[in-house]
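Take a look at the structure below.
In this document, chain identifiers A, B, C and D correspond to the written order of the chains, with residue numbering beginning at 1 in each.
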Amino acid sequence: MTVRIENGYSRREMMTIAAAREIFDGEIVFCGTGISMLAAMAAKNISAPQSTIFFETGAIDSRLEEVPLAVADSRVMYLTAVNGGLAEAFATMQNRFTGSRVVGILGAAQIDIYGNLNSTVIGDYQQPDVRFSGSGGACDVASFVNRTIIFMQHEKRKFVEKLDYLTSPGWINGPGGRERIGLGPGGPETVITNLGILRFAKETKKMYLAACYPGVTPEEVQQKTGFALDLERAEAFPPPTNAELKILRERCDPQRLILN
Amino acid sequence: MKSSQNKVTTLAAAITSLIKDNCHLSIGGFTINRNPMAAVYEIIRQRKRGLHLYAHSNGQGVDELVGAGCVRRLEIAYAGSGRFAPTCVRFRKAVERGELTVEDYSNYQMTLRFMAGAMGLPFLPTRSGLGTDIIKHWGFSKELRNSDETLPKQKLVTIDNPFGNWCESPKLVLVPAINPDVTIIHVQQADRRGNARIKGLTFADVEQAKAARHLIITCEELVEEDFLKRDPDHNQIPFIHVDAVVPIPWGAYPTACYRHYDYDPRYLNNYRQAAEDDKSYQTYLAEKILKPADHQEFLALSDKKHLKSLVADPETGYAVGLERS
Amino acid sequence: MKSSQNKVTTLAAAITSLIKDNCHLSIGGFTINRNPMAAVYEIIRQRKRGLHLYAHSNGQGVDELVGAGCVRRLEIAYAGSGRFAPTCVRFRKAVERGELTVEDYSNYQMTLRFMAGAMGLPFLPTRSGLGTDIIKHWGFSKELRNSDETLPKQKLVTIDNPFGNWCESPKLVLVPAINPDVTIIHVQQADRRGNARIKGLTFADVEQAKAARHLIITCEELVEEDFLKRDPDHNQIPFIHVDAVVPIPWGAYPTACYRHYDYDPRYLNNYRQAAEDDKSYQTYLAEKILKPADHQEFLALSDKKHLKSLVADPETGYAVGLERS
Amino acid sequence: MTVRIENGYSRREMMTIAAAREIFDGEIVFCGTGISMLAAMAAKNISAPQSTIFFETGAIDSRLEEVPLAVADSRVMYLTAVNGGLAEAFATMQNRFTGSRVVGILGAAQIDIYGNLNSTVIGDYQQPDVRFSGSGGACDVASFVNRTIIFMQHEKRKFVEKLDYLTSPGWINGPGGRERIGLGPGGPETVITNLGILRFAKETKKMYLAACYPGVTPEEVQQKTGFALDLERAEAFPPPTNAELKILRERCDPQRLILN
């Protein structure tokens, strides 16, 4: 991840900026720890100054002067609109009027073609081969908000036909899948990996390749994906601009606590 | 105890009298902030066993209790400590080795479970969980649930909305209440009766506190009663819920306590490294936790200059410019 | 509107643009404290009609809206103004004359209904109501509920606890959520984006605010954004819920606003006397409410010395020694 | 009510002191507006200094330096343990651990022999002859707390065979009545009227006359009661002491805002 590529930026920087570009001005941005937090900070500083950074721990509209290393970091509590708690934060997302303005940024250990996520176990739930942290707020966010952006490492064992455990709902099993189980219409919109950008087809809700980073081919992406991807719509992804990189590096994470 | 006028006691006495082997315990805080670490370490020192632990995302405290072998069963949403441990290491090992029974919920579900307990309700509804394996897979089997009356008979129950499609919610997940035997939280200020003030985010501490049969509050500062009562809008916990008040400065260390001190990146990084290996973890436990007689001795193991670097800046509430890599 | 950076507007503009005839409205405050009276009087001046009003125990505001003929339907727990009117007079007359359809709940039920709306849930459970006529008797008939999609199909639903006797609660009453078209609350401080701070008891204002599709905040003081953000533990409402901010000193008068002014016993006593008689009430309405163009002119009808006697003592937050008989 | 009787105290003063005597030290006292608030203040100042005065509006452990004229009066917000809201206050009563330590003081327009209360309407609910304020928190308190004390004016039309509307549950229809409908075991314990004190028989949960004030006969009480009362157990009620009256008059309501 720390490998620098041709014109002087890392894949991790590109991922962050790709996510930042997905955030609309005025949106309420739910973010977790690490790269998703940095993406929200980058969006706020670059293209979405009226967006509101928001944490499941209860902080709304944090003024992030240093990058937090967890969503409970005291740095998220500084100059917020309200310091509440988990109950208020998740209610804001489940709320019909505010939840519809929230974009959630999530990560996971596994993803399937419909954008359903696993962040709980690999193997059998009762006797797992690998145990992860568990849902945290991921299931809640994926269930409540208007749309989600998902960060993934692009590996075959992570893009799978069938999840070992469905922690957070995506499009479930295709069009109408969410509605059938009782959820609202919002769902995953974009998957940002270290290779490119994937989106979901309107008609099928299946993941397709939307763009490759410079130097990445659609075939490479398919090779590292455990299910068949539509590669036909893949475009070249515009690399980070100098302005974007400058703000990301100098204003968002000058200590390179997350970028490295 | 709850109506007594003076609940101030020592940590050792509070843990001895209220934490019994096999009891149901919940601890406050979130990942690397305001975990009641002094109390966690005292529980480890008193070698409590068989705890049934409830948490949402209380990373560091949970991992140390699990690592020290105090925990029999864990109900949790998230076991991580932010960048210091995306998955808590001793937790991960214990689960992968089959040494710990875990029941998974989401953060909101756990919050609602504590909230239901605090509200005196058997359950609360949410839309979170529909369609997921959190509903399908039970960590605690039906047999266990049927044989242990301290557990609800079901993990979660899905129902149709009895009000039709009111609020566009055709289905709801009901999450069962938690009423722990004991909750322990760490706060910035409390008075001797137990009125308490949390500064910064409250996480789910207030719900966890009010859901419990017994409540231990550890605090940075013990203040005069009228100090808190003069500004009651800023207090969250009235004394009527409280059993014991333990003044213990740096009581959340090595996690942070907003406006008092930051988390200790060096400690947390060292902890993770120690946790990766069983032998080095036993050394950590013996040297860092069990050898010191109490939290003061534990703190004395860190050099004063280092601790001073963690002291919060009065404006921002954290240690500005702290070396955190 | 909610994401705009400056939501400051006049009361007349806010009421004109957001309060439509027949809309569903809820107002904050409790009996004789922090009712959004300036907004209530502006609604009366703009002769809004057919309002569907939700309140828990918001005495004075409710009674004046009912008395002025603005209200078609009322869902409420309590219509009283403490010692000044054990039952609100215009409310009582309107109900006894069949001019107002009322649906009765308890205070906690109404609170939970707003809370459900704020939480994005169709209902919340409680044990309150079991065995009472609050469940049996419906003010809104089945036919009305079936024909009006802005109403839940049932008033209340009783269910068996799906978790058996967990928490010793074999049965629960489910109360349906309220999502008003508009909520109006009066607070002590707000900034131009709508971040708001309530001092003293919050009643159910926060739940009412967050449950609403649109939110109007009237405030005693408009403050700089960073003033509130510097102390976020003391704020309750983030700007993301807010549509309009209206600075309006004495905006809760003649009800109290903690730390700013007390309720006006003379006004409230005179009001009750006027309310007892239809003719004197019409005179009250014409002279006191409709004649003044706005809240400032309304306030100018009271002599300054009298208003000054209501100003809150800085230590206690109320007017110490105020003549209240 | 303002009539002074033989040895220099009013019936209203006697009622207040009778209620204050019913409060145990260390209890959490829920009180409403008026005489019930004064009773809580009297108890706190006379015999139950460790009791905690508590209001449905969210104030816990108020330091009442002036008598409030409503439960939302700013006077209840002064020097409290916590200033919350209705949600917290009612949760404290529904809570299994704190609710069992709460004594509630209620009033009503009608009461039946099982202590069920009406504070909603006289006549038909849809077209009432008289409309009252409604439940407020009364139904909640009567449903949740450990025990209740009820203030009533003693009139035949108020002590009725059948309530026009059951607002707040008492013993419902006798032993096991509460449990059958799903409520906890706590219920009404004492009814304090302007004539005397009534309690509920353990075996039948029916109201009986426990004491008459000086100058009141059991027969007079029966005459003003719309159902048959067991009068056999009626004792003479010890009148207010000078110390009690002094504190009530001088410390609790010196302005006689409620006593008059």
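We adopt the following convention: contacts are C-beta pairs under 8 Å (C-beta built on N, C-alpha and C of every residue); 3 or more make two chains touch, one makes a residue touch a chain.
What you see is a predicted model; the values in this text were computed from it and never measured.
Chemist: According to the touch definition, list the chains common to the neighbour sets of chain A and chain B.
Modeler: C
Chemist: Counting C-beta pairs in contact, does B-D beat C-D or the other way around?
Modeler: C-D
Chemist: Nearest whole angstrom, what separates the Cα centre of chain B from the Cα centre of chain C?
Modeler: Here chain B and chain C have centroids separated by 38 Å.
Chemist: So what's the Cα centroid distance for chain B and chain D, whole Å?
Modeler: Result: the chain centres lie 40 Å from each other.
Chemist: Please compute the C-alpha centroid of chain A, do the same for chain D, then give the distance between them in whole Å.
Modeler: 57
Chemist: Averaging over Cα atoms per chain, report the distance between chain C and chain D in Å.
Modeler: A distance of 27 Å separates the two centres.
Chemist: Indicate the residues of chain C shared as contacts by at least two other chains.
Modeler: 120-121, 126-127, 167, 169, 172, 179, 200, 233
Chemist: Give the residues of chain D touching no fewer than two other chains, as numbers and ranges.
Modeler: 59, 77, 83, 94, 96, 144
Chemist: Name the shape of the chain contact graph, picking from line, ring, star, complete and other.
Modeler: Graph shape here is other: it fits none of the named patterns.
Chemist: Could you please write down every pair of chains that are in touch?
Modeler: The list of touching pairs comes to A-B, A-C, B-C, B-D, C-D.
Chemist: Please give the residue numbers of chain A that touch chain C in the complex, ascending.
Modeler: Residue positions touching the partner: 26, 28, 50, 52, 59-61, 63, 77, 79-83, 91-99, 101, 144.
Chemist: For chain C, which residues count as touching chain B in their complex?
Modeler: Touch residues, chain C against chain B: 116-117, 120-127, 152-154, 157, 159, 161-164, 166-167, 169, 172, 174, 176-177, 179, 199-200, 233-234.
Chemist: Help me check something: in the complex, which residues belonging to chain C touch chain D?
Modeler: Contacts found on chain C: 29-34, 56-57, 59, 76-84, 86-88, 91-92, 95-96, 98, 104-109, 111-112, 115, 126-134, 137, 139, 167-172, 200-207, 256, 258-259, 262-263, 265, 312, 316-318, 320-321, 324-325.
Chemist: Tell me, which parts of chain D touch chain C in their complex?
Modeler: Touching chain C from chain D are residues 33-34, 56-59, 65-66, 68-78, 83-87, 90, 94, 96, 120, 125-140, 143-144, 165-169, 172, 177-178, 181-184, 255-258, 260.
Chemist: What part of chain C is in contact with chain A in the complex they form?
Modeler: Against chain A, chain C makes touches at 2-3, 5, 118-121, 179, 195, 210, 212-213, 226, 228-230, 232-233, 235-241.
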